[in-house]
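Naming follows writing order (A, B, C, D and E), and every chain is counted from residue 1.
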């Protein structure tokens, strides 16, 4: 039995490598950060195509679409007791941009650089923050980006006590590390919970933040316990050793939902699972082959078994819930059709191919299933498994044939996926913009141009229409076979109250959860 | 002379997968407070006879006898516990090679004390005293030092003396010495024999001396039993050795080269099947 | 006349331990020479040094006047000098038949006619052809020693080094082997160097002998002198007394 | 014990084999083999082990005839995770709807492949390194043993893991990794054996014949090491199977859809609570086969290497 | 008396101190070369791993310019020999670098995870030795009996069963079904913040501090994995004990001991086992070392936060500093155990003492 005042979650938190919101870009960190840091604005849980204020009381956009002015709520404090001011917000932006870690591009894509950030993101007064972008972007785009965890507000005063001096060089032009080293495991936020400890691959411990300006958290403590295996999580859940199991697989979900003490809950997430075909491969390059492969996946069987409860068949690149998502699944397993297409492509007897597969479920299962269905059309597929890092290394070097991957949006806006699936400005091996399209050596300049235009479309409905059009074209002609969109499922003990999963990884809030 | 030991029709056999090996096939003799030598060539069953009397035949061996009587105790009927209490206390045995028959990881002194303390209720200090005295009795010059040595630290002769001390400390009435000197150098061999000789005489023990060296046995013992293929072929007084009847005994006597005698070629034994019958 | 085997001031040192200290000997051609002494006195070491199996630190060894260099021995040396070991249980390869065992020297020295030679060698040591395909564990100690002798003889050496060839055998078997050795020596005109701790055996087999103690030769004398008791050293006298058997007090 | 000296025509084949005066090299060899065989068969457990191995060989050879289903293609739609005893599926099906029985049958080939290759690679390396090192002594010995020690200082599985991580997962690489990590003990055994043999009189005797060191090692030392090596290798087979399975379990060994038993356990692990058979069956297969090798090795040790068995 | 009492005294003994320094020197040399080999092999493996180490630090979604920058910072653009040199230099100054995964210095991590493995392996070995030795003795004494066969089969099964499989099955039985043992892990999450370990060996620490509820909890966590490991070492130890005992029981000194009239118990435990103990020490040390590594798979199944799990995790994350550091530490422990067993051997066997 877990203590009454403590929530224990079994969770595969092995992806966490840093707790610094300016640096972290991992899903599990996103959940922790969103529970322990505040943002200017957050996704509106009622309608996820909109945002609502968090620290910001209100905001306005100038007519030219370039200036965003945020009014902060008053009387708020960090967990440390320091007051939250616009100065902290501005410094948080400056810090993220100057650190220039992985997620910084979410901010820098609006024209922010180390040199101009203090101008473009600055505190007008203690309660007003002004943010200036370089183009008249769709406001939905800008605001969606500001819900990303990289825009979390850190406690300037506290962090400044922990900055480490460094010697500036060409890569890092500043004389301090903005507290990055300390914040990797430290905490300087103002969320419902504060981070007490993170031990890699072991545990993350949160404690209630009594200085929180919003609704106070119900429980004293939240513990994320590292557990990788679904079966183990289920066992622990059944035994009452954990309150919530976060990584259940289909079979275990069934068992949990049948257990009288337990319940399950689920929510679709923005993560899409796909199989990509590298255009560097002579056979895979052919459009007929690409289409044939879309007919060689047994979507129904996969949906009914391997991903039952943890995903829904989904054949386009925008996840349901995001602006402009297209909900069309035209492809079915059709070996005859596929054979026809292969014959048209000049490979009637099939060919041999490899697929790099991560050692995790359900991708291994899907890969194995595809291996069987492809074989029916004469395509011999060899699975090359590896752990995540290994397969990724290969994928990023573009030395794979096929790759089964998952993609979660960098921020909750259609542009994130549209950009990575269509953009490829330099298809050479030296290309620096390593989008998914680049990784598969595929160019679609037309679609890319359309996607860029959508960025500047300030009318949300029109913007949605453009994305839908792109997806339709994409569905017919692209080297990506989309398979399903993830549904996040959690099993929990029935004595929990108000436990809900959000639409994205940074909206799984633990603050409201209580125990009976 | 009182009879100490009576052996009548002793048989030792080992059933094996390929058949029964009869190591001893009906040996009978009696022993008083005297020295009895058992000789015979390798494999003739000398050691097996000695061990059967001690009750040390390995588990899978079968020992039978019409009579096996020690000082009125029927050894055949005696329980294992009774026989164990006899061993070391009343019947003792000295083995051939001190290098292998002393426990290599235990000091010599402790091994001697162990015998004593198994059979008598004595304190540590007293046991030590008596062990030292015993070591002195076997003519070890610096008993205190040797007491703490381990077997590998002493020479063969010294080890054999320690072995004798270990076996005699509880004052047995019968001593079986199974080739006690054959692993030793000739010069040392005589020393050890002399010590044994004296102890046996002083304490009035019965002695069974097992050896393959007929000449040595005859010079050391009062009576000699000659064994061949698990049986006794001849029994005679040591003094009568020169008049041995059995061709096997004669052969054993003659085949040894001697200083000064000039027999080329040496006479060899011509084994006859009827000897073993 | 050149000695068959001549040893000059030979020393053998095993990691700082002097197993042989300046030993000198000369063995005439056709002679049988004995070495006696207590255990550890260096008898075996002397033979092994001649055979190139012990580390020689100084001194010289000459075979028929030809000096040997250090511990290195040539193939021709091994056709001239052979050795029989003390323990018949340890000197035959446990996984080889007698046949294979006897074939080995022939193969090494490229001697053809192996069939006949093996048969003859076995015959000579009194083992019929029936023993040819047996393994060592199927032989008695005496038979093994005969095989070892056959193996030594098969390359037709002129000098035979015998390291206590009978000490592991019963007296009756010992007599057989000693007789065999004597006969072979006569037939082949071999030179023997024989080690034993048994004075009886040595005087029986050898014309001359040397007494060793602690790695050095303490006395050299002939068998006749020994038999007559013309002994100078106490140590030798002790040995003599001991070998006479036990004298009751 | 005593067979008649003259070979009578009535002599049975057994007597002929057991004759203590064989008439030819062949008879001697066969006789020796026969005695070993009898010693071996007297150990009932060892015979069980041998039968298991023979069965494994048989199954591997005729996998395509014995298996009832395709080992890699399953019926995801209709036959997923069926329990054992379901019509058609003797041992049930796995999460891809494949017949576990057929997969196990085909998996025997992989198991055999692994152990044979590892044995063929590592045993000779160990034998050569060990005998040369032991016989030569001096700096050769020091150098070779240093290298051996370096490999021994690594935890074996960790080293294999690291190698596989470096070479990339896959059955060939697993084999190479296991082979690289398993020769050092063989070298140690061969060296120890060589050291005791080196000083023995029979090696001195061969030296006295004028044999070259090469000849002595090859023809006199190695044959003596081989029996204890065979015993050890046989016993190690079980360990090799387990290591390969361990690598498979960690996802670093054989890759899907190959029906490697360790990998099968790994993939069945997810269903251990409800569909226990998916993980249990391959585990039992591994247990039986490696038990077979252990029993066989034990019997061989008693028959070939009585001194090791403590007799 | 004209005895030559000691033939072996004639042999001059080497100075004890001289022999000792020589032995120590040889050991030191061996240790150093083994270390260098260890470093070379680990370094080599570390550099050919087909994982981009930068990826491990940054994750998949980092923009290219960030990736390039970090690659240079980490020195991956230098030639291999320079990297090796830097690596050796770091190690010599006691710096194994920082773990990418945990951001801590590797030594700090290892100090945390090593006790977990040590505790597990030690308990496993204790179980193995305390059960295995008596079983082996029993089997040897009753050779050929039913008891012998049973011990033999129990041992053989231990040799033959895949440890991770048995671990899984027993987890299902003892945790999921019977609930006799606690959930995988070392200690219940509740105690994480009420209990401060000192040595890192939780059983000791909790007992020392008198926190018996913690002790009970820790015990419930460790008992299953330790028993499993114990079973494996039991299989090995009982088998070796049996064969050593058979060997000792066939020695002449056993006959002598019986001839002295000692009880069978005394003969077996006081003499035979005492002699068998000499090689047994090595066997137990070997099995201890074996458990240290065998725990890799067990730790995976039992989520035991030990060094095995640490290394496998790091390996999968291309966290080479951690892998190399862990491997070197395990190597050190191996070498240390070997040294220790050697020393024990020397103290137990008087024959080796003054040589």
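In this section, a residue touches a chain if its C-beta (ideal position, glycine included) is under 8 Å from a C-beta of that chain, and two chains touch if they have at least 3 such contacts.
Chains and their UniProt names: B = ABC transporter ATP-binding protein; C = Glutathione import ATP-binding protein GsiA; D, E = ABC transporter permease.
Remember, it's a predicted structure, so these values are computed and weren't measured experimentally.
Counting C-beta pairs in contact across A-D and across B-E gives the higher total for B-E. Each chain gets a centre from its C-alpha atoms; the one nearest the centre of all protein C-alpha atoms is E.
Centre-to-centre separation between chain C and chain E (ABC transporter permease), using Cα means, comes to 52 Å. Centre-to-centre, using mean CA coordinates, chain A is 42 Å away from chain E (ABC transporter permease). Separation between the centroids of chain D (ABC transporter permease) and chain E (ABC transporter permease), computed from CA atoms only, is 25 Å.
Inter-chain centre distance (chain B to chain C, centres taken as mean C-alpha positions): 33 Å.
Among all residues of chain A, those that touch two or more other chains are 235, 386-387, 390.
In chain D (ABC transporter permease), 168, 269, 272-273 are the positions where the chain touches two or more neighbouring chains simultaneously.
In chain C, the positions touching at least two other chains are 38-39, 238. Of all residues in chain B, only 51, 54, 56, 84-89, 92-93, 95-97, 100-107, 114-115, 118-119, 139, 141, 150, 152-158, 163, 166-167, 170, 185, 187-188, 191 touch chain E (ABC transporter permease) in the complex they form.
On chain E (ABC transporter permease), the positions that touch chain B within their shared complex are 1-9, 251-253, 255-264, 266, 270-271, 274-275, 278, 348-351, 354. Across the complex, chain D (ABC transporter permease) is touched by residues 30, 33-34, 37-38, 41-42, 44-45, 48-51, 140, 149, 152-153, 156-157, 159-166, 168-169, 172, 176, 242-247, 250, 289, 292-294, 296-297, 300, 308, 311-312, 315-316, 323, 326-327, 330-331, 334-335 of chain E (ABC transporter permease).
Residues 5, 20-25, 27-28, 32, 200-202, 204-211, 215, 219-220, 223-224 of chain D (ABC transporter permease) are the ones that touch chain C when the two sit in their complex.
Across the interface of their complex, chain E (ABC transporter permease) is touched by residues 2-3, 6, 8, 14-15, 17-18, 25-26, 100-105, 171, 184-185, 199-203, 205, 223, 225-227, 232, 235-236, 238-239, 241, 386-390, 392-394, 396, 410, 432-434 of chain A.
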